[in-house]
Amino acid sequence: MRIEDLNWMDVEAYLKQEDRLMLVLGACEQHGYLSLLTDMKIPQALADAASTQTGVLVAPAVNFGVSPYFLTYPGTISLRVSTLVDLVEDLVRSVYGYGFRRLLIMNGHGGNNPARARLVEVANQLPGLQLAWYAWWESHTVEALAQKYQLKPTHASWMEAFAFTRVSELPPGEKPAPSFTGLLNADETRLAYGDGVFGGTYQADEAVMQEMFQACLEDVLYLLRFERPALQPE
Amino acid sequence: MRIEDLNWMDVEAYLKQEDRLMLVLGACEQHGYLSLLTDMKIPQALADAASTQTGVLVAPAVNFGVSPYFLTYPGTISLRVSTLVDLVEDLVRSVYGYGFRRLLIMNGHGGNNPARARLVEVANQLPGLQLAWYAWWESHTVEALAQKYQLKPTHASWMEAFAFTRVSELPPGEKPAPSFTGLLNADETRLAYGDGVFGGTYQADEAVMQEMFQACLEDVLYLLRFERPALQPE
Amino acid sequence: MRIEDLNWMDVEAYLKQEDRLMLVLGACEQHGYLSLLTDMKIPQALADAASTQTGVLVAPAVNFGVSPYFLTYPGTISLRVSTLVDLVEDLVRSVYGYGFRRLLIMNGHGGNNPARARLVEVANQLPGLQLAWYAWWESHTVEALAQKYQLKPTHASWMEAFAFTRVSELPPGEKPAPSFTGLLNADETRLAYGDGVFGGTYQADEAVMQEMFQACLEDVLYLLRFERPALQPE
Amino acid sequence: MRIEDLNWMDVEAYLKQEDRLMLVLGACEQHGYLSLLTDMKIPQALADAASTQTGVLVAPAVNFGVSPYFLTYPGTISLRVSTLVDLVEDLVRSVYGYGFRRLLIMNGHGGNNPARARLVEVANQLPGLQLAWYAWWESHTVEALAQKYQLKPTHASWMEAFAFTRVSELPPGEKPAPSFTGLLNADETRLAYGDGVFGGTYQADEAVMQEMFQACLEDVLYLLRFERPALQPE
Amino acid sequence: MRIEDLNWMDVEAYLKQEDRLMLVLGACEQHGYLSLLTDMKIPQALADAASTQTGVLVAPAVNFGVSPYFLTYPGTISLRVSTLVDLVEDLVRSVYGYGFRRLLIMNGHGGNNPARARLVEVANQLPGLQLAWYAWWESHTVEALAQKYQLKPTHASWMEAFAFTRVSELPPGEKPAPSFTGLLNADETRLAYGDGVFGGTYQADEAVMQEMFQACLEDVLYLLRFERPALQPE
Amino acid sequence: MRIEDLNWMDVEAYLKQEDRLMLVLGACEQHGYLSLLTDMKIPQALADAASTQTGVLVAPAVNFGVSPYFLTYPGTISLRVSTLVDLVEDLVRSVYGYGFRRLLIMNGHGGNNPARARLVEVANQLPGLQLAWYAWWESHTVEALAQKYQLKPTHASWMEAFAFTRVSELPPGEKPAPSFTGLLNADETRLAYGDGVFGGTYQADEAVMQEMFQACLEDVLYLLRFERPALQPE
């Protein structure tokens, strides 16, 4: 259930029973052969699936993230880090204002991590707000699965090549992972990464992808329980 | 054709032939009985239709706008005006960087008008950039059609009640338009507008809606020609 | 009665009887043959006249507005939109701090409209604050008068050519209104508008000007009553 | 000659002969028994007088400054320091854009000193820009005169009590200067300063005031020559 | 060699031979039983050691980082994320201005990671600038060593307990690592972490600490070579 | 006693007895033949000495200040004025949060004065906060001593040439003070000041320096008493 399919009266009714919400943070940036919106599509798909099972509402996605290193790849649209953190603050304050109290941020893009700092700054000011953050690709879940199948999880490789993020044929085989020290600017990044894939196998079996999706979904369902016994003052 | 359906190589290829792009600015705010994303859905639909006819690419939508007056209506998510203008600047600078030169901003929400000022500030710095702005509901086209059918165009009324923005039954009949002087805060706005509709008929014939959509589409197609003979130095 | 003619003790005494204030937002920008401060002078004159009749105090004018499109016309001084909204917030918070509660913003320049968004954001935080906004040239009053005399109201034309905004001879006759689609940058604007007038008759009869001024003054006097019965919770 | 008395064509003509401009920075803050706009009125008067003798143009005044310590004195309107520096940057960039190169900032308020830092930051980016800054009350000129007449120059005392800043009777005699260590907030400031005068004689002879005005005017005329032989690379 | 031990002429002389510089980013935040400046002291010590071997200059440390989650632990001083990124930008632009071209950022605190985004944004604008980033505790080096000695590397545990960061006795033994989902605010963090250590052994053998320091120093020396063959266009 | 030598538990214990703190604001900027960190070293030394006598804690120094005019002197690192004021606000809010109430800002650099405005803005929002500010070189104490020894106190001259700020030989004799009107940008400043000293004697007797240090220390000890009887409401 997405906010876009509701009107405000529906949300008001929802808030009488429930105070949880999922917020999707994406990015519009090069993903090699995959969709430029890959980083939005994956957490959105997970949020939709979790919503189907739990009825927790999903807010409209933030379609852009912080991707300054990819600005030489056409189609990449990067927010300054200052813009992103302001944006995320606005989302949280808006929904807190009329009663949402438990927010699960479904992040799809590593460049958005600075939003975590602003989220804590805001949480220090809003009593009763509980925040959770899910970055699927950094989860133990994905790490374990990658190990199980001996696949290396990297940007724009098999790991992000879901049926719903593919927009063209993927190359067969594997790409050697370039290795760089340094903090690359956009020109250097393109020089270093060529097609934009950070190395490893370009695609995995559909069964692996589905297993991974299901496993991540379990993570999301767990986080949506917002269990924090250790944080209760005795 | 939307950026989300492409990878970066597709956009690079596109830019060899073309330098136009449509950017959709929406809002996530109460629209009475209609979808909270109405202000994104309408310009998005127009942009998609125009893209079908012209092949001009459509960037991912900005799903949020400036709606501080509606923050007492659950589901409304408002960006501060400072956030919106920064966001719009980032979009424009990103796409200008790799070669887009003619941008049509498809705005769906009056609260986003402050972005126009920042756009001009940015345009003063980026040689060769041409900007157009379309706010369908303020167009002469819609004004003429409203007059023709004796319908009053207001927020969340018939005018925005397209098949694709409806998420519930609409009330029959007409709502008297409340009339207020003053700049209302969010509490006052809810007191003043109740169900959130700014008055007038709740719905119009589907034929009228389609006629309006087509007429607006003509506007968009015209703007996409970026004809500006008067601006050529002789 | 202007703040500049008082000391702080006078204002303190005033606040024991009264909580209304008029704030003038102007601009310093090209107005064709008229004064570069036309957009300040007109709302200032209206505010002074309204003050004479009601005793409501007038704050010092903001002499600058958002005019990035006119920066190629010498004498134009433009605030970034971010600066203007911060400035307006500061004015409102300052006067709210020691007791003003009903503020009428007398705006003289369309480019200042983004301040409305910030004003609502601030009003959401300041209990008891009531805001009104008057943009004389967009009023029904001026529309009706323009229709009555078959004059087209445009930037820097007859409509702004009061005795007190004239600084040179005005051309006779009429200027064809250039028509542009697009969001013009400062270079394009000068190319498009030449002398800076947006078309129509350059000047109207003094009697028409006085009639318009009086009619606008009535608007201001009405707004100063801050009547908002519909906003009272029953 | 003030910009408000000109249209843009006049300024364009002026710029063909001249690249100097005076910018007046004021404040709207308590000045004891004197006008709340005292800090604007004094540099404005000096600028006007200097303009009469030299023909150098005067931009519209900034009527507000940074006065957070006086916010408990009604009528004080304080810009945040961040707003002021942005504002001053906007003024300078605007006028630099169409050709002003030598700017004399006529400051009337000590709280505006942070603008100096931003001015240098901006000057580091704008080739050919020359800036001068005049704070009349901190000048050697005023120091010498105060010494000559054995008057102590302090905020809102005789020193600012010109005929054109008086809005009420001034008390006779002298006020003992309160002496405080610390950085006072607005509540503490009012507690400390009572009527708002920082001590010393409330008024001086009109002849002294005129002598001081003339002497300051000489300073302004000197600064307007923008003599900087030592800065010429050999 | 630190900038604090030089005057500007020394730096000017240095720049004739060399364009490398180390910038230390620290934090002032709770580290359990260790110094509140632990996150500055460690990268500073590494930088000093690397400087001794290479002669590369070290800039004064940034003593504060982004630590909003620890603001309930007295002594923690947290910069807003927006402040930190501005600060880091200022450092980089300052030193780039007079000729530094290869900068190694020695970061001591995970909360400072958002600076990476701003660094790339800035690097996109400054031709010839090369940036490297070293976060010692996240290095493969430390990971390998922790594995070798079966120690778990966590905040304020043995890993940061160098002789030079200790300011009190350390507890013996081990702390069970609390495990939390969620993004904790400052109150929750204190509830969750008690003494502030994130779990694991409180201290390791001095020999282990020295081995780790040496290994990290090798990393720094490697990074200071700024080898980036793969980034050379062929 | 510096925060860097404590852990958070120490600070918590301290706060049970005491609510005073010293905050050191420095600068990293050219000081002629002296250390680039002179402006940090002097107030740091005073703070350390005062701490020894009173036990009042000293926070880690801010090593950078606002020095745009010196950016052509290598080694100078300048914060934008906006960055500095944000930074200072963050420091104050952090320590206020867990109980510090009386803060003595030990400023070492005139360019940091804009922080005073932000400090007052913040103090207007934080009940019970008391702020003091010490700029040693502007004190009556230093003025008196300079007069006594007939030395002219200027930037980077004898006045700042303590044993602990010297990093090289100082020239003998005296430098004629260049005299400039205007607000110099970084290029002009270097042209004007050459070696960076603002004129006067390069060095004074060690005995004079120690006398001055002791006298300033007395000032600090006095300020640490935070005596403000006149501010008590009767």
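As written, the chain order gives the labels A, B, C, D, E and F, with residue 1 at the start of each chain.
Simple rule for what comes next: a residue touches a chain if its C-beta (ideal position, glycine included) is under 8 Å from a C-beta of that chain, and two chains touch if they have at least 3 such contacts.
Everything numeric here is computed off the predicted structure, so don't read it as measured data.
Novice: Common contacts of subunit A and subunit D?
Specialist: none
Novice: Matching A-E on over half of contact pairs, by residue number: which of C-D, B-C or E-F?
Specialist: Overlap exceeds half of the contact pairs only for B-C.
Novice: Check the residue numbers that subunit B and subunit C use where they touch, and answer same if over half are used by both copies, otherwise different.
Specialist: Result for this pair: same.
Novice: Can you give the whole-Å distance between the Cα centres of subunit C and subunit E?
Specialist: 53
Novice: Roughly how far is subunit D from subunit F, going centre to centre by Cα mean, in whole Å?
Specialist: Subunit D and subunit F have C-alpha centres separated by 27 Å.
Novice: When the C-alpha atoms of subunit B and subunit D are each averaged to a single point, how far apart are the two points in Å?
Specialist: Here the centre of subunit D sits 46 Å away from the centre of subunit B.
Novice: Where in subunit E do residues touch two or more other chains at once?
Specialist: Residue numbers touching two or more other chains: 71, 80, 82.
Novice: Looking at which chains touch which, would you call it a line, ring, star, complete or other?
Specialist: Contact map by chain: ring.
Novice: Should the ring be read from subunit D with subunit F in second place, what is the ordered list of chains?
Specialist: Loop order (subunit D start, subunit F next): D, F, E, A, B, C.
Novice: Using the touch rule from the top, collect the residues of subunit B that touch subunit C in their complex.
Specialist: Residue list for subunit B touching subunit C: 66, 68-69, 71, 80-82, 85, 105, 111, 113-114, 116-121, 123-124, 129-133, 178, 180-188, 191-192, 222-223, 226-228, 230-231, 233.
Novice: List the residues on subunit C that touch subunit D in their complex, please.
Specialist: Against subunit D, subunit C makes touches at 3-12, 14-15, 28, 30-37, 40-41, 59-64, 71-80, 82-83, 86-87, 90-91, 94-95, 97-99, 167-168, 195-196.
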